[in-house]
C-alpha cells in the first residue's frame, strides 16, 4: 500500500468506523467494540508499516486539494513526531477499546460510545497528521466536539453535562484562539502549509505580530492541555466514563496542546515572551496540579490533577527554549501517556468493581484484587518517578534541564525549586493513591463486593505497565530510535546530544529525585490522617474553585449581561424601532447634504396658482389636524385624511397627471370604506379616559417625536424643493414619449408604460394586491373579535330595541326605512358604474383610465350593493368569487405576456395594431389590452375580496350566534 | 392654455359669467355651511353647490368644449345626472343618522327637534 | 432567443403562474394543491440549477456570463431588464433549495393551518427570484413588495396571538422601509433620470457636483431601506421576533429574505459606487462596515441572551447579516467571495435549524407543535377545518437523528469545523487578514481587527448558546420522550444539511465559483456593457421597424 | 379682451371654489358633530369636482373630465359609508 | 327577449351614457350596446323591482317643475346665506303624509326634495307613509305639505302608479 | 408651485411620521396613509412640475418630449398607489386581528405598564 494512502486511511478509517458504529443497533455491544478495536488495530498496523518511510525520508506526505484558493488543502504529513503520536494514539485506543468492552454496561447505548470514540480518535490522528494548519484547526475543534460528546455520554448525570459543557467551552475558546493564531501565521508566512511554516521560524519571530500570534496559539495549546489558568475543566471532565478519561487524558486531547507547542517549538520558542508565558503557565500547572492532586478524594480527580501537573512539567520543559528540554518534553509525553492510561484504567476497574472512587471509603483492596493492585502500584511508581520506570527517566531529564540557566530571570532561578517541590508532591499523591486504595483494613460497606475484574479488562493495563517497565529499564534499546526519529523531526538540525540511560552517575538530578521522594513520603505521612477524612480539595484553597468561578462568569456574561445588553441595545417595542428607522434614514440623507452643502433656489410663490396655494393651505391644515386628532377622534381624522387625499388628487391633475388623479380618487373611496369597516372592530376611545395631567416623561417623549417629525418633514420638503427646482437630466422618459404611439400603440404614455414598456412592474404590482387580498382573507378566516366588539354596535342594538318596543314595528324596520330610498338608488347605480368601469377600461390605452381604475370602480359597484342591502342579500343574488378573479387575472396577464414566446420574443412583448372591423372602423387591438384585462380582473377580485372579507365578520358573528342557539335548542 | 384664445367673444363671456355664477353659488353654499347654526340647516347648504353651482359650471364646460371642438360635447350632462342622484343619498343617510343620534341623546320626539333647540350642544368628540 | 435565454424569466413566471393556478383549485383539495406546489418547486429548482450551470459556463472571451433578458423586447435602459449572472444564479439556486425543503416540511401539517398557504408560498418565491434577477431599480421595489406582501401573509400563516403581534411589527417596520425605498429610488431618478442599474452606474459618475449631495442622500435613504430588510443594527429588532413567531417552514424560507437586502447591497454597492462612480466611489462602505460589525455584536449578544431557540435563530440571522454587511463594506474581492460562501452556508443552516426547532421542541413537549397551531388560532371559527390524522411515516431512532441534525446545525451556525460554517468564516477571516492575497501580506486597520475579533466571538457566542439549548433539549430531559416525527419533516432538514456537507466537500469548486462571482461584482464592466448593449429580438418585418439598439 | 376676461373669471372662480373648499374644510375641522363633518366632506368633494372642471376649461382640455366624473359618480360612496356608519355603527351589515 | 333585455329603459340609458362618454360612432354604438347589455344583465341578477312608467309624457313636466324649483330655491337660499343674520330664518321639520308607495317614485321624490336647496328629506316611515322633511325657511308648514303633495307627489303617482 | 408642493410634501410626511411614532394602531394607519400621500407626491415631484402637459399624445405624430410632463414618475406613483392601498388594507386587518387576539389596540399588543 502506498504510504500516502495509508495516511488517508489512518485518518479516514476511524470516521468510517464511527459512522458504522452509529448506525448499529443500540444493543450491538460486541460488534461495536469489535469494530472499534479493528479500526484501532488497523491504524496501529498502518503506523507501524509507515515507520521505515518516516524514519528514512523524514516525512510522508499526502496532499489532496480541497480549497486551493484559500490555501486550505487536505494535506497529511507524517514525520517522526507525528508518527510517535499516531502510534501512541492508536495503540492506546486499541487498549482502551478492549478495556471499554468490559467496562461499559449493557444498559448503555454502547455503539454510540464507540462511534464517538472512533470519531474522536480520528480527529486526534488528524491533528497529529495535519500538514496544513487550517486542517489542523479543523481536527483540533473536532476533538473538542467529540470530547464534549464523550464527556457528556452519561448525560442523565448533571455533572457530566456540566463537565462536558465546560470542556467544550474552554477548549472551544482555545480552538478559536488557535484559529486566529494560525491565521496570523498565514498572514506572516503567506501560507498555511506546515512545511513552509516550520521553515519560517525566523520570519515569524521577528514579525511585529509575533506576540499576538504567540498568545493566540498558546491560548489554544494551554486550554487544550488544561494548563493554568485554564486547567479547571479537566477535573470536571472526570464525569466521563473511565475509558474516555483513559484515552483523552493520557495520550490524546490534553496531549494535543503540548503536541502543538512542540510542533511549533522550532518556530515560536526561544524568545523571552515564549519563555515567560509558557514557563509561567507550566510551572503554575505543575505545582498547583500536584498540590491539588494530593487532596483529592476521588481517584479520578487525583489522576486528573496529576495530569495537569505532568502536562505542566512538559510545558515547563518546552518553555525553556533549549533543545534538550524539548527532547525531555517529547519523551515525557510518551511516558505520561503510558502510565496515565494504565492508571485511569485501574481507577476504572476499582470504580467498576467497588462502586466508588472515594479514597475515604476504599482501603485494603490489595487483598481482593492483588493483580490489579500490583499493576496500579507499578504505574503509580512511574508517575512518581521511581527509578527503573519510564517516568523516572524523563523526570531526571527535567531536573537536569531546570538546573541549567536559560533566560536569566526569577522564573529560571525558581525552576529547580519548583521542580523539586512538584516532584515531592507527585510522590505524595502517588503514595496516597496506592495507600488509600490498596492498603489498610479490608474494605467495608462498599456498594459492590469487590473482586478481580475479568482478565481481558486487566490486560491493557498489563501491557502498558510492561511498557513502563521496559522503557524504564532499557530505554535505549526500546524507545530510543523512535524517540530519536521524533526528536529529529521536531528539532531538525538543532537536535542535541542526549543519552537515554537509567544511570547517569550520581548527579544533582538524582539527588533531587531522591530528596523529592523522601520529602514526598514524609509529606504524605504528615497528611495521612487528615486526608483520611478531609473534604475534597486542598485546605484553604477549596473555596477557590475554578469551576465555580468559571460557571459564574459564564452565567454572568452569556446570560445575565447578554440579556441586559440585549435590553439596552435592542427593543421589542414598535415605537422605538420606528423612531430608529426614521432617525437613521434622516442621518443617512442629511450626512451627504451636510458634508457637501445644498444650494437652493430662493423660495418664491411667483407662478403659483392662487387656487393651488389655497387648496394646499387647506390640505396642510387638514393633514396636521388629522395627525393631531387620530387618537380620540378617529372619524374626524379619517375625514381629514380624505381631504388631504382629495387635494393630492387635484394636485396630480393640476400638474398633468390625470391618470394618477383618477386612480387616487378611486382608491381614496375604497380606502375610506375599508377603514370604516375596520373601525367597527376597534375599541371605543374617548378623551375622557385621558388623565388630566400628562406625565413629564410622556411630554418629553412627545416633544422629541414632534421634533423628529418636523425634521423629517422639513427634510422631505428641502429635498423635494431642491430637486424640483433643478434642471432635469436627460431621462429615459423621452424614449417612452417618442415610442409610445409608434411602438406601444397607445397615446396615453403613462398607460403604455404601465402595460407595455414597464408592464412587468404592473404585473408585479397587481400580484402584490392579490397577495395582500389573500392574506387579508386568510387572516380574517381566523379572526376573533375582542370581547367588547362581539356585540352588535350600540346603534343597532338601540334601534332594534326601539323597533321591538313599538307595537307597530318589527325588528329591522328602522334599517329598512332608513335605506328604503338610498338603497334603491344605489342599486340602480350598479349597472351605471359597470358601464363607467368599462369606459375607464376601454379608453385607458389612449386616455386616462386603464385596467386598474376600472377594477377599483367595478369593485365599488359591488361595495355599494353590500352597503345598500347587506351581505346576505347580495350574496343570495350575486355569486362573487373574488379568489377566482384574482387567480384568473394573474394567469391571464401571465399567459398574455408569455404569448410572445411562441414568436420567439421575450415575455411581455406586446403586439399592437389597429384592426379594421367592419362597421366599426379602426380598433386598437394591442395584446397589452388583454394584459390590462388581467389587471382589471385581479384588481376587481382583490378589492372585493378584502372588503367582503371584512364585511363578512359581522355576519359570521350572527351565524355563530345562530348556530349556538340551534345547538342549545337541540340540547333542550 | 391654448384653446381658450380660439373662443369667440360671446362664448368666452358666457363661460366667464357661468363660471363666476357657479363658483359663486358654490361658495355661498359652503358659506352657509359655515354660518348656519344647526346641522339640519347646514344640510341644505351643499345642495347649492350640487345644483346651481354645478349646473352653471357644467354648462360652462359644455359650452366651452362644444365651441372649441365644434361639435356638441354633452358628457357633462352625465355629471349633472350623477350628482343629482348621488348627493341626496348621502344627505338622506346623514340627516336620518343625525335624527337618530339626537333622539337617542334627548329621548325626545322628532317634533321637538326644531330650530336651534335640542341639537348640537357641543359634544366635541365624534363617537366612534 | 435561445431556450437558455428564455429560461431566465422562468424563475419568476413559474411561481406566479403556479400560485395563480392554485387559486383556481378548491381550498379543500389539499392534496392536489400540495402536489402542484411541490412539483412546481421541484421544477423551479431544476430551472435554477440549469441557470446556474449556464451562468457558470466559461465564455470564449473569458468574461463572466451576463445574460440579459429584455422584457417586452424594449432595449435597456428603457425597458425593464432581467440579468442573470453568477450571483443571481447562485441566489436562485439557494432560494429553490430552501423552498424545496420548506414545502416538503409544510406538507406534514402546516400547509393546512390556514388558507392559501401554497399560493402565498409560490408568490414569495416569485418575489424573491424577481428581486434577484431584476436589473431595474424600481422593478426591484416591485419585487420587494411582492416578496414582502407574501411574507406578511406567511408570517401570519396559522394566526394566533404571537404571530399577529410579531406580524404587526414586521408589517409596520417594513412598510416604513418601503416608503424609504420609494423616496430613495425617486431621488435617484430625479437626479440621474434613469432607473436601470447599469445605466445608473454609467450616469452616477457624471452627476454634476451641484446635484451629487442629493444623489448621495437618495442612495443613503435607499440603503437604509435595504438595511432594514437585512436587519442591520439598530434597524433589525423586528427580525428575531417575527422569525420566531413564524411557522417553521415559513421561517425556514424566510432565511432567504434577510439575504435579499444583503444581496441588493452586494449588487449595488460595487456596481454603483465602484471606481467608476467618481466622487461617490466607495459611498457607504465604511457605514456598512461599522453597521455590520455592530449587527454582529448585537446578534451575538442576542444569541446568547435567547432562551427560545426560535429567537436564537432569529438573532443568528442578524449575526449572519452583519457579517455579510461588514464584508461588503470591506469591498474587496476575496472578502466578498468568502462572504458569499458564508452566506450560502449560513442560510442553509439557519433554514435547517428553523425546521429542526419545531421538531426538537416536541422532545420537551410532544403536544407543543399541535397546540401551536390550534390553541389560539381557531377560536370560535365555524369554518374550522376537520383535524385530520397526520399522514406520513414516523421515523425510528428519532432522538438520535434529531440530535445529529442539531449537532450539525450547531457546528454550522457556530462556524465550527468541519462543516461549511467553518470554511465560510475562515474564508472571510483569511481574506480580512490578507487583503491583497495570502502571499502578499499588507497592513491591517483597526476596523479589520475589530471585524476579526467579532467574527470569532460571534462564533463563540453561538457555540455557548447552542450548547446550552442542545443540552437542555437532548440531555436534560429525565424521561426520554420520543416525539413523533415524520419522515417528511426530518428529510428536508437532512437535505439542507446534506447541501452544507456538499458545500464542505466540494469547497474547492464552490469557492472558485464564489471567487469568480466576487470578481465580476467588483469589476462590473461586463455587466454594464452586456446590459446596455443587449440586442432586441428584431421586430417582424413591419413598416415601422426600429433599429435594434440605440 | 374676452379671453382675458375669461381667464380672470377662471382665476376668480377657482379662487372662489378654493374658498368654498376652505369653508367646507372648516366644517370638517370644527364639527361640532360627526354628521356636520360628513356634510363638510360631501361639500368639499363637490367643490373639488367643480375645481377640476374649471381647470379643464382653463386648459381647454377634456382630459381632466374623468376625474370629475369619478367624483360625481363614486365620490358619494365614502360619504354614504360614513353616514351609514354613524347611523348603524357598521357600514356593511 | 325579456331574458336578454330585462330592463330596456336601463339598457337604452346606458347606451346613451356610453355614447355621451365616448364620441358618437358606429363602433361605439355597437360596443356601448354590448356593454350596456352586459350591465343590464348583471343588474338583473340583483332582481330589483321593475319600475313601470305609465305616463311618459308627464316626465318633462316633472323635469320642468324641478328645474324651476331648483332655480327659485337656489336664489332663495343664496339670499338667505348672503343676508346672514340680518333676516330671521325659521328652520323646521315638517311631517308630510304621503300616499305615494312606489319605491321608484319615492326615490325620485327624495332626490327632488333633497336636491332642491332649502328642503331636505330626513325620514320616511314605510308603514304609514309619513315623510319627515326639514325646511330651511319654514314660513308656513301647511303650505309645504301642500306643495310637496300637489306639485310632486301627485305627478309622481301619475307617472309611476 | 414648487414651493407650495414641497411644503405640502413636508407637512404630509411630517404629520405621518408623527403618527407613526404614536402607540395606537389607528394612529399608525392614518400615519401610514399620510406618508403614502407625501411619498407619492414626492415621487411625482421628481419628474419636475409641468402644468397642462399631461403625457397623453394628441396625435400619432412623433411627439416632442419637452411638451409633456415626465410620464415615468407618474407610472411609478401609480404602482405606488396600488401598493399603498394594498398595504393599508393589510395593516388594517392585521391591527384588527391584533386587537381581537390581544384585546388591545396598542401597537405592541398590550397596554404599556405605567
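Each chain gets a letter, A, B, C, D, E and F, in the order it is written, and its residues are counted from 1.
FYI, contacts are C-beta pairs under 8 Å (C-beta built on N, C-alpha and C of every residue); 3 or more make two chains touch, one makes a residue touch a chain.
From a predicted model like this one, the values you see are computed outputs, not experimental measurements.
Chains making contact with chain B as well as with chain D: A.
Touch-path distance (fewest steps) from chain B to chain E is 1. Put simply, the chain farthest from chain D by mean CA position is A. When each chain is reduced to the average of its Cα atoms, E sits farthest from chain C.
Note on interfaces A-C and D-F: more C-beta pairs are in contact across A-C. Taking each chain's centre as the average of its CA atoms, chain B and chain C sit 55 Å apart.
The distance from the centre of chain A to the centre of chain D, each centre being the mean of the chain's C-alpha atoms, comes to 59 Å.
Per-chain Cα centroids separate chain D from chain E by 22 Å.
Chain A and chain E have centres, each the mean of its CA atoms, that are 73 Å apart.
Looking at chain B, one finds that residues 1, 29, 31, 43, 45, 50, 75, 78, 82, 85-89, 91-93, 95-96, 100, 124, 126-128 touch two or more other chains.
Looking at chain F, one finds that residues 20, 25, 42, 45-47, 51-52, 54, 56, 72, 79, 83, 86-87, 90, 94-95, 97, 101, 107-108 touch two or more other chains.
Under the contact definition stated at the top, the residues of chain A that touch 2 or more other chains are 572, 574, 578, 582, 609, 634-636, 638, 647, 654, 658, 679, 716, 723, 728, 731-733, 736, 742, 758, 761, 765, 768, 771-772, 775, 779, 782, 784, 793, 795, 799, 818, 821-822, 825-826, 829, 832, 836, 847-848, 950. Every pair of chains meeting the touch criterion is listed here: A-B, A-C, A-D, A-E, A-F, B-D, B-E, C-F, D-F. By the touch rule above, chain B contacts chain D in their complex via residues 1-5, 7-10, 12-13, 15-17, 19-20, 22-24, 26-27, 29-31, 33-34, 39, 42-43, 45-46, 49-50, 53-54, 57-58, 60-61, 64-65, 68, 73, 75-76, 78-79, 82-83, 86-87, 89-91, 93-98, 100-101, 120, 122-124, 126-128.
Residues of chain D that touch chain F in their complex: 59, 61, 63. Looking at the complex, you find that chain A touches chain F at residues 572-575, 578-579, 582, 603-605, 607-609, 612-613, 616, 619-620, 623-624, 626-627, 630-631, 634, 637-638, 641, 644-645, 647-648, 651-652, 654-660, 663-664, 667, 670-671, 674-675, 678-679, 681-683, 685, 705-706, 708-710, 712-718, 720-721, 723-725, 728, 731-734, 736-738, 740-742, 747-750, 753-754, 758, 761-762, 765-766, 768-769, 771-773, 775-776, 779-780, 782-787, 789, 846-848, 852, 939, 942, 946, 949-950. The touching residues of chain E, when paired with chain A in their complex, are 10, 14, 17-18, 21-22, 25-27, 30-32, 35-36, 38-40, 42-43, 45-48, 103-104, 106-107, 110-111, 121, 123-127.
Listed in rising order, the residues of chain C touching chain F in the complex are 138, 142, 145, 149, 152, 156, 159-161, 164-165, 167-169, 171-172, 175-176, 178-179, 182-183, 185-187, 189-190, 195, 376.
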